């Protein structure tokens, strides 16, 4: 039973259907009818004009976004444990031609306005120091916490004040929205976010992630950079089809709710073992090595995190039986 | 009727079936069972040990290959009209961190050993000049010609002699093999090719191209670069499934034969209008503007090439009726 | 007797005196009193507001200028034999993070408006092709020809029309000005030049070249890039001192006239052996191998250029006796 | 009285004399007689075969060294407050094409083997994480501490064990050697250092720093990178002359001793105000704002460091009267 990562989940049947339905000759690259619908679809969703580009991976989405904000000699404020800083093999440095990620601290991988302001103040504004040009946050965070609209807006105000572009890595944006409810504009552009990496692959997609520009004027150059990075698929219609299928009937949100619900059940079982509150679909547990071994012996696969801690992630398609089995097994460990 | 590019073709049904068959939980990235089969499958096909990496686009395959051969301060010999030089938005420069493409001439986008040797001799070996580190050819070429094994071997011998890595852009490798017949090893590793971009998307695939290393020791770093470029899809099994489906029962070759056959029919109709022999699935025709307009008025879509010339490309799934209609229309233009 | 390159010449005594005079404690980097005088000195010389940055080499000046004009995904029009394209080891690609030099042809390494317009027209404006963002010319050219103000202005008009930044590599700007006479503004900013690499090292300097921005708003980022490239000398006052000494009493121009005069004497002796008119301090001669060997046997050192051709360069400090000896030796070869 | 930085000091008279003595025609770039002597001179000094390259700045020396050790996708262990991490405007990222500096902690900017080993262990060896390829230390450190040979050797052993290149930033190597005494090989190549940035500019030079490769096989590519970075001065003999003059009669060491002696005098006066021991020519003092203002009012210029702390640096040419005046003024502040 795989609680290792939501990356391993299956593809939603509606996505496969949409791919099959797109299987006829159409214009190459992003000139096809489906790709051409994306700007409108996301503009409708967010309630403002958006430019929407498909790419194959969240890494590509994040890095194209950052490259829109930061020159090669600039810096990016992010959390020390942000995916862009720890899990993308230096892709941000590659796409930005050597910009520097400036890691900041904060509980549960969340940043605060105070942290960002203090970091900016510590950097002497001269040619010897790398000057920050962007702020990047992850929502839901790498520790499964969710930024609320007011928290994002406070960071957005700081970003604006300090002249920083503002990027949100939304690899689990669906999980965040499932928790937050409300309008997706509130936690993004209305809160000052300039560009959003909107994750679909962890959430029922196959190979399509979206890069959403609320600063639509950045899209033109980003499209050049996408091609230059080898991310302009020649049969783009199959990318667009996936995303449109998940937007339809709010499937993306429904899937986010499903994985969150599984995590909530497990969190309930875990009780005071929880390292952090469970606000999305990631659970961080205190487990002794013996307890971890016991769970694994029962067929549960998960990730060892810090010493004495484990990370478990639920997926949109996780069978309820697996959730219940895991919850039961955790309860059975005692406390 | 689309003769604009084989990029616009549909996906082979077996590919869609294979994707559907892969639709269950498996390890993320390239740790899944299907991805793990690729090295073996291509080693079998080529008759030598291969390292096989899926990527989303031919541009990514080409550029990861080049980056394996060329340092940032080095150069790449290629044809002036090579796809890497004219149609990849500077992706080779991006992936290699600024290596220089050194364009060479040759009819039908083919290079000869003499041309390569002369170009090397013209570059003074000192620190002021960019020194070549690789040779890249395209087979079938951008003009639809096919390098024979002996021609590739002659270039491979020059590459070895001059200390150059040797890359083959095989976006239309299936078309080349359909023409050549014989063993795919003869025109690749046995002829000195170090890395091959093996195209599947133009040939019935959806989003998976293959980068084949005959120098398997290069694969480890290339896998890091693939991740760093945002090309390590998290659900890699759907990439691998596409390729395995096309390898099965030699579908890739069958599809290459199908598009070549369509081109041959049209070439036959075109007669002395042909700018170059038709050896694969691209046809370069002399057409007056009035003739081009006439064909377009009849519903044929194609690409204006040089002045008074047009490029038409047939696809693996092109209906015979479209082929016959185009052949008839060209014949009807007279000569 | 060294006619190999003006790079080998000695340093003007006034430069050494100025360095000695600067030998006291002052602010580091470019905060010293001498460096602070440069903007004003060049603004006076050119008759418009300039931002003036010292760097150690012409390569650094050229490449910082180009990086101000061209994004990593852009292109630079230049002559095929431009120093930036053939003799800087890929430094333009390094500083611009992979921009593409687009080589154009033209006699004597000169470009014409027609050539530039035709090259621009040949590049389809889409994301697949690298789009040009700058035009770079060399004055005096790599073949010792001099662009007149009207020729530069015609190119400047094209650059403006096509949205290209306009850079002049003036490694031998002193030689060009010595030939042209008149005001240095006429052949630069009044003709549309945005940035000038103003050479001092070939012309009596020791280690200081100047990058002059007529678009002063570009200087701020260029200063960051200068530091990032390791070109912000910590004792900048010795750089500034060199340049100020050569500006004083128009020594730079006097030195340019001196080397040009030497070249004129040799050109006069060479007569119909000249491959190109001699307009600055470079002489391209037709010489048989036997003739070249004979000159070398007499102690003249020079560069073999194309087959049957040689390049000879005169320096600002070349003794008249060497000039006369060479002129005599060439005359003695007969015709 | 300038205690702001040793960057502001004058040039040693012997250096100016050597520049004047080099003022005649010679081969350009590094082909001149003086540049050709450098490999031998440093091989003699270090007692092993060295390859010795002049460059204009310590930043260039550091970054060319790092680029020899680290691929674009790799990482560099260094202290959080290392000059390469905080004061070079991202030059390491530029020269390495985006490698990641991985900052480590340690008192007085010194690293220990335990710190390095722990950092390496924390990085999962897969394609998602940037893997370290080099270790860089500064001797004397940015806080004026000096690594002893045994300390360096312990780090060198770790570097070797972990497969890391080992770089020493010796911007103040002369100060370190003045403190250590003994043979310069003991604290460098015999301790496992692969490449040393050997500072001369802070120590009586004008514009020449040295990059010393103990791994001489790295020099060939480094020379290409030097050219590509615009650091191959065309009149290299004036660079070499400076360095040879400072090597002669151990002037570099004498100058290091002179600045260290000044710092020792001030340290003695400072007593328990010292934040750290004074082992070279940098003094870190606890000063209240009022005390700092008082010193400045008396004409002493220095750098505010952390809150309530100041950095003072002595130079090789600092007049004894200035040293005594500062020592007296500090004593007069009381304790």
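Remarks
Going in written order, the chains are labelled A, B, C and D, and every chain counts its residues from 1.
The working rule: a contact is a pair of C-beta atoms (placed from the backbone, for glycine too) under 8 Å apart; a residue touches a chain by one contact, two chains touch by 3 or more.
Fair warning: this is a prediction, and the values are worked out from it, not measured in the lab.
Number of steps on the shortest path from chain A to chain D, with steps defined by chain touch: 1.
Farthest chain from chain B, judged by C-alpha centroids: D. In terms of C-beta pairs in contact, the better-connected of the chain pairs C-D and A-C is C-D.
If each chain is reduced to the centroid of its CA atoms, chain A and chain C end up 50 Å from each other. Here the CA centre of chain C is 34 Å from the CA centre of chain D. Contact of a single residue of chain C with at least two other chains is seen at positions 72-73, 88-90, 94, 97-98, 127-128, 224, 227-228, 232.
By the touch criterion stated above, chain C contacts chain A in their complex at residues 71-73, 97-98, 127-128, 131, 221, 223-228, 232. Note for the complex: chain C touches chain D at residues 2, 4-5, 7-11, 16, 19-20, 23-29, 55-61, 63, 88-91, 94-95, 201-202, 206-207, 224, 227-235, 238-239, 315, 317.
Taken together, the chain C residues at the contact with chain B in this complex read 72-73, 75, 86-90, 93-94, 96-101, 127-130.
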